[in-house]
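For reference, the structure is listed below as structure tokens.
Labels for the chains are A, B, C and D, by order of writing; each one numbers its residues from 1.
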Amino acid sequence: MNADQFERTGRSAYKGWTTCATRYGDLDPNGHVNNGAINAFFEEARVSFRRDNLAEQCGDVLKGFVVAHFSVDYLAALGYPGEVEVGTVVTRIGRSSFGLAQAIFQGTACIAAAEVVAVHTDPATGKAVALPPPLRDALMDYLVSG
Amino acid sequence: MNADQFERTGRSAYKGWTTCATRYGDLDPNGHVNNGAINAFFEEARVSFRRDNLAEQCGDVLKGFVVAHFSVDYLAALGYPGEVEVGTVVTRIGRSSFGLAQAIFQGTACIAAAEVVAVHTDPATGKAVALPPPLRDALMDYLVSG
Amino acid sequence: MNADQFERTGRSAYKGWTTCATRYGDLDPNGHVNNGAINAFFEEARVSFRRDNLAEQCGDVLKGFVVAHFSVDYLAALGYPGEVEVGTVVTRIGRSSFGLAQAIFQGTACIAAAEVVAVHTDPATGKAVALPPPLRDALMDYLVSG
Amino acid sequence: MNADQFERTGRSAYKGWTTCATRYGDLDPNGHVNNGAINAFFEEARVSFRRDNLAEQCGDVLKGFVVAHFSVDYLAALGYPGEVEVGTVVTRIGRSSFGLAQAIFQGTACIAAAEVVAVHTDPATGKAVALPPPLRDALMDYLVSG
């Protein structure tokens, strides 16, 4: 099942959740939270997802995962001040990489939806390495249903 | 009374409070929240202070105030993830400007303490203008005790 | 012709160029320029592209264009200090939107390659509006060859 | 001699220079380069100053120096696009710390002027350590004249 096969802009598909607050410094000359900050919320949610769900299996949650691909649809303007909730779900588990879908919500409104390919690497060398079985198993717990 | 005449690194002097969460993107190559993010927390707390306490008196809380001077002592390293509380108090009220003291805390530990001179300006011209009496009165309510 | 039909990681397809310098503040805990900064270089190049090539046709180059979709492949780690060159080319011209392909290079090494859907909007309403013919004509001058 | 004893807003006192370009992402809702970006230019210039002038004496130029105090006067609004030049000079050399004065210019116009106290630390422990004599000697070469 891939990210196109579920409703990306609804809350029900997502299995991990992170709350982020917008900052004044996130505003752009149009008075909207800029896309760079939106992207940072997705990043924040990925780090939280690792810390909350994969810490035991992945060692240093701040290192080891490299984002190889990021794709995002910006669906609605976001204001300040405000909080958003970011949902994350695993969409694919490969040999050394895995896919995530993520979406940012205010209530039921979807602000942005993203897909990510993360590669598990050896921090020392930066090279991709096979997902260790315990990490693979932990990721399975967050695989999208369907 | 000026900012040197009260205990800047204790919580008791501050009259307005804002909570900020650190973000992964705030980390620097040393693994600490970088000083730029610390400065952004002070900015965030100033905007919140205006919105919470001065909105009625100052119109557009995102515009009109220009920081002319900012001085900060960085007292302790800050990690991620984590939340900080930022205290703000008015230290001086002038003709078109006012002084603020601010400090960032985790529990009772003071992470950084700052002093700010903010100038009230006409957004259209960018020129300093006298503080309107209602705004001056509102600022008085948050003047440091002593 | 779409972005898949030309060599996205080679310099020859791109028609507009912008130089960006990495900043110390762009570094993440791994000592690499973080993906957020990479994304900001793409943004910077889009603004430069509008200013250099479309200013006469699009009015306020800082407003009016909204990025609806952004997709990026991160291909190589980027260090500091350093400069990158960002190439931009138009890949598609629609009724109110257009597609761009972009890539970041150091010499001949491609650091990242992106695809963007930009929507022309009325800054006052935020609604999509048809590309005015002069803007459409200007975009044609930067359409990818093939 | 301290930083008050020379003309901080003129170019002649500064001995190290760094050029920075403003980015679209530096703009705030007022359409000005925000103070956080101004602060980042000062940071950028400090890192460049270490790399250009102190690399041989200070080992890892990205680590080891901790800013304990930063004070800045914002003197003029800064626009985009544009380049600034940042001047840096040593104002004081202590046992484990040293003072810097810095100023940001566009041509002869001074955009902002700052004073910094930097502490030399052991990266492993984060504790202040005495400036090694070769580093002290190198700093002397950039001590403000007077």
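Methods note: a residue touches a chain if its C-beta (ideal position, glycine included) is under 8 Å from a C-beta of that chain, and two chains touch if they have at least 3 such contacts.
Just so you know, these numbers come straight off a predicted model, no measurement behind them.
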Comparing the two chain pairs, does C-D have more C-beta contacts than A-C, or is it the other way round? A-C
In terms of mean CA position, the chain most removed from subunit D is A
Between subunit C and subunit D, tell me the centre distance in angstrom, where each centre is the average of that chain's C-alpha atoms. 32
Distance between the centres, which are taken as Cα means, of subunit D and subunit A, whole angstrom: 37
Averaging over Cα atoms per chain, report the distance between subunit A and subunit C in Å. 23
If I count partner chains per residue in subunit C, which residues reach a count of at least 2? 25, 27, 29, 31, 36, 40, 43, 62
Subunit B - residues contacting subunit C, complex: 25, 27-29, 31, 34, 36
If you look only at subunit D, which of its residues touch subunit C in the complex? 20-21, 23-25, 27, 31, 40, 43-44, 47-48, 51, 62, 81
Partner subunit B, residues of subunit D touching it in the complex: 29-30, 35-36, 39-40, 43, 62-63, 66-74, 77, 123, 126
